[in-house]
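Which chain is which? They are A, B, C and D, in the order written, and residues in each are numbered from 1.
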Amino acid sequence: MKKLTSTWAGLLLWVLGLLLVPLFADNNWIFIMSYFAIYAVVSLSQDVVLGRAGMYDMGHAVYFGIGAYTTAILNTQYGVPILWTLPIAVVVSALFGALLSAPIVKLRGDYLLVATIGFNEIFHMALVNDVGGITGGPDGIYGIEAPSLFGHQIMSQGGIFVLNWILLGIVLLLMNNLENSRLGRVFRYLKEDELAATTLGVNARYYKILAFALGAGIAGAAGTLFTSLLQSVSPGAFVFTESVTLFAIVIVGGQASIPGVLLGAVLMFVVPQVFRDLAEYRYFVFGLAMIVIMVLRPQGILPRRRRLE
Amino acid sequence: MFKLKTLVAATAISLGMSATAMAAGTVTFGVQAPITGQYANEGQGIEKAVKLLAKQLNDKGGLLGKTVKVVSCDDEGKATQGALCARNLSNQNVFAVIGTYTSGAAGAAQPIYARANILQTSDGTAEQLTQHGYKLFFRNAPPNSAEAKFTGEYLVKGKHYKRIAVLSDHSSFSKGLGDAVDEAVKKEGGNVVFRGYINAGSQDYRSVLTTVKSKNPDVIYFSGYYSDGGLLRSQEKDLDINADFVGGDANQNVKFAQIAGQAATGTVIVNVPAPENLPYKEAKDFLADYKSMYGELPPSIFTLTNADGMRAIVKAVEATKSFDPNKVADYLHNLRNFPGITGPMGFDKHGERLGSAFQAFEIQPDGSYKTVYPTH
Amino acid sequence: MEIFFQQLANGLTVGSIYALIALGYTMVYGILKLINFAHGDLAVLGAFIGLTVITSLTGAGAAPSHWVVILAFVVAVLVVAIAGVLLELTAYRPLRHAHRLSAVVSALGASMLLENGIMLIWSPQTLTFPEGILPSTNYVIGGVVLNSTQILIVAISFLLMLALYLYVNKTRFGTAIRASAIDQDAARLMGINVNRVIVSVFILGPALGAIGGLFIGIYYRQAVFDMGWIYGLNAFIAAIIGGIGNIPGAMLGGLLLGLFNSLAGGYISSTWQEAITFALLILILLVRPTGILGERVAEKV
Amino acid sequence: MNDNSTPLLQLDSVGINFGGLRAVDDLNLSIKKGDVVGLIGPNGAGKTTVFNLITGVYKPTDGVIRWKGEPISGLPPYRIAQRRILRTFQTIRLFSGMSVLENVLAGQHMETHQTWLSGLLSLPKQRREEKALRKSCMEILEQLDLASIAHEEATSLPYGIQRRVEMARTLAAKPELLILDEPAAGLNDSESVELNKTILGIRDQGVTVILVEHDMNVVMNVTDHICVINFGRKIAEGGPEDIRNNPQVIEAYLGSDDDDDEEAA
């Protein structure tokens, strides 16, 4: 019964946000909430790999970036409408997630973490060096269209907000389903005790790669929306420090805890947008907050509530 | 639960915010500039210049009777941050945006300002900025192509260099300028013995310079930014490379000489004249005001070209007696010989600045510039 | 061939700086199994402190005297060592028995805090070091240009590393450090005060890091608040190449990385240099995760 | 196909080196279907290593392990589990933070057919399967008298119960060969007696069992066949009575004072 109420409460909040924000908030707030939805999705996708499957992925911005660049390149070079690029971005990111993780999932703990940092750096270099002449170098790609639906361009910030919020809703639903499926359970088995899981017939390598692919695919979808929100992409949005932020969101918020991860995203991405004037202090304060929170609440601010079925 | 709280807070704050933004009797100018990061020096210069101009306007009773307000957004010189700034400033209902310094950040912001019907003036020199047909965009510095033509002539005809090495970073501005110079040199019949790239901000350029050295050039031309240019020059000397060093416009910043140290002396920079070398009355007045307000001189000419961008917009508002961006833009497209700080100026129908002459100037031991080309 | 030796000389200088910084990573990892992400920023803090001492005691434009330079190093080492110990006491010790990810995030937070603290205290801009802190004369030997600053940096780094090696291997306290790295619990049973050992590691590592950071500032003649993570990352890679937890390994790893970097930059691509370094890192992790000299301590799973 | 002449599991001169140490050497072992086999020996003799070799946690350096005549040595653990060779651990390895039921669900991994996509989309068929899985898990828990604590956190239960939960999890995977690593360790006398019954009950369902155990009470009462190893080598083999009287075995137990703890992995 309890499970049902919390799901409904989440749904209710989501609907409220969807309806009320465009009605009552000004453009700046609509923009911030759109921006939040995107980073909430990326954070949830980071959580799939880190919080649920227990793999120390500190290069998650790569997959976010691959999605964003896929959309930008398809739209500017081949004129593919933004929303059509969404499934392609998901598939391309997921493929990269699988390909890049395949050789490294056997690495444990810190070694995996360092390897993923390496991927992030190589990815960033590739973008900056304008690899294949398609990424636009340090300035990235700009002049990207607004998304259109049924031939009607979604120009207004309210429209983009609704679009982003719908993706967030879908991802929240997927996360909820994940909890109640074999896939989600296997991730937890692998996280808690890989050896015990494999002796029960779990193909650890397959599921670890799947976790990366799933996380990457979801991040790729967020990448598409990021591109359409800002109508530009550049390497600076997908650097290693972004991955660090995503990593911190999951650990500070609470691993495998949807409210925790969303709260983390609010702290790291919404708060700085609100207090732009204090921008220079923000990372200093974040750094301090990360230490203090970890010392006081090593499990995160809103740790996963044990729902034992 | 927290989501609800955020929502309530969001609604509450946003109601408060929109009230202030809509305050009557003010006109808001936005500054989009790299206030932190690698090019912070330039960004802070632009912000200071705009605040100075706003103060001067307000002291005289405002613009068409409205108080001039300035809001700034730091784009860190990065494209994505530029787009974020564009969203942020548009949402604060700015009338015009001054800046930004890097072409990438300017380009990423362009479509967003265009959609929001906001005037934009930037010193970004990448060619494509004026090629998208954005009616409200005005470039306040000359484009790469003009600079490259002058540079090619200077290197081949003026200095008779026989072996030229061209270095760039990968930004659209630097790569574009480097490619254009490469082409201009060849057009003049010169010989490019090396064309290479650096990673902006990576500090150690000895590897690439060692490779350059093996090509035995008599000049190294660098089309990137001052922060890398100064280091390149200093490391060139550490490696005993005897080639001259010529830098593109983005090397003209007081920091260049500080970074290069003693090696700065003799370096040549190609740009429109440096602030202290401007002969115009407007320039002398503005520099004096800037110095009395901030206790220092502007970091580079781009502080002044952006100030000119803003002055031209102000002039157009006063002339048309209107805050209609389209009317202002129409006026600006026909503007000729407006007495700018950086010389008489105007804009063509693409928003390209008219009227600026390039010079090559050499850094002197005291850090000042001496014009060495054209010689007359 | 001249070009090759020139690249070697360039690489050796950077490599010895990497090695100095790598020692801090490897010592902390050896005992705590924690990547001290803040270590690169501690090194940068050293550079800023040193610069402040030099500029405040020397008139603008003038070359600082020997005494000022020595004082700059001493003050930088002291301040950074104190910062290192504070970091251990406040950010790491309370998490000694928590899940290791909590400590990782605390370390990342510490890195952010330090980096932005430096920005707030000094400047978000790149600061320039004056010339002539170390003598700078070019010597040309068989076509290879060696700068006296380079020579000094390499020589001092080697001496410091040798001193550390002897300290860890030949003294009683050094033995305690090695014992704690192998098995903390056993070391405790043998009467070793492991907490004291850990504090000492947070003095030694940051102290060497501060010298490395100051070398970076002197060599490139500039320092910027956010350069800690890239130098830190490179130093960390050096530690992994040598075998994390292994002190001579970190020294070797630093030198090899510097040489590799320089040759990759010169012969493969100057703009892909860093990417090639990271590709090498991933390759090493896959093929020989224990590094060249092997890990002294088994990874706790 | 699988008549009584082919052993179910056969170890053919199996050996493994760790660095310079020869942990298991030239071990031959043949297990018939339906037997309960005891593997005993002093601490550090290499018993758990043998289990790790059979279940694929370690790959043998030499020799071959055959399952129904087919070589399985060198396969990854999950492929061996798929042949219904399942094990428990000396140090109980339950998934922490999960309920008893969720732990037993893990045992049904191979019995589950839903794809990852159907799970993410929560398709009706997947939801039906989830329901059915829970039902069959509850049945297993009832058999082992654990139904009342199905929703408790597994790792916070008393030690003896954790052993039973781990056993339930393993049984949920439908073993043909069940490998028990010191199932009686940490149990009190009445729990031990209960364990004997459980093991014999499992055998009666046609499951073959190998166990490592120090509790001779358990070993002598449930096993049909015993293999004694020391220093990685087999020193004796036979029925419980033969072993009890074998001087070499007595020597091995008395002569070794080595309390080198074996790790499960």
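Here is the rule we use: contacts are C-beta pairs under 8 Å (C-beta built on N, C-alpha and C of every residue); 3 or more make two chains touch, one makes a residue touch a chain.
No experiment lies behind these values; they were computed from the predicted model shown.
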item	value
Nearest-to-centre chain - CA centroid comparison	A
Chain of greatest Cα-centre distance to chain D	B
Chain pair, B-C or A-D, that carries the greater number of C-beta contacts	A-D
Chain A and chain B: spacing of chain centres that average the CA atoms, whole Å	35
Length of the line joining the C-alpha centres of chain A and chain D, rounded to whole Å	41
Separation of chain B from chain D, taking each centre as the mean of its C-alpha atoms, in whole Å	73
Sequence positions of chain C contacting 2 or more other chains	119, 124, 271, 274, 301
Shared interface positions of chain D, touching two or more other chains	265
Touching two or more other chains - residue numbers and ranges from chain A	125, 128-129, 280
Each pair of chains that touches, named by its two labels	A-B, A-C, A-D, B-C
In the complex with chain A, residue positions of chain B that touch it	1-4, 6-7, 10-11, 13-15, 17-18, 21, 36, 73-74, 76, 78-84, 87-88, 90-92, 102-105, 107-108, 110-112, 115, 126, 132, 169-173, 175, 197, 199-200
Sites on chain A touched by chain D in the complex	174, 177-178, 180-186, 188-189, 192-193, 195-204, 210, 214, 306, 308-309
Complex contacts: residues of chain A adjacent to chain B	13-14, 16-17, 20-21, 24-29, 31-33, 125, 128-130, 136-140, 142-144, 155, 157, 229-234, 236-237, 259, 262-263, 266, 270, 273-274, 276, 279-280, 302
Chain A-touching residues of chain D, taken from the complex the two chains share	55, 57, 76-78, 81-82, 86-87, 89, 93-99, 101-102, 105-107, 109-110, 112, 114, 116, 118-122, 126-127, 130, 134, 151-153, 169-170, 173, 264-265
Touching residues (chain side chain C, partner chain A) in the complex	33, 35, 90-91, 94-95, 98-106, 108-117, 119-120, 124, 229, 233, 236-237, 240, 271-272, 274-275, 278-279, 281-282, 285-286, 289, 299, 301
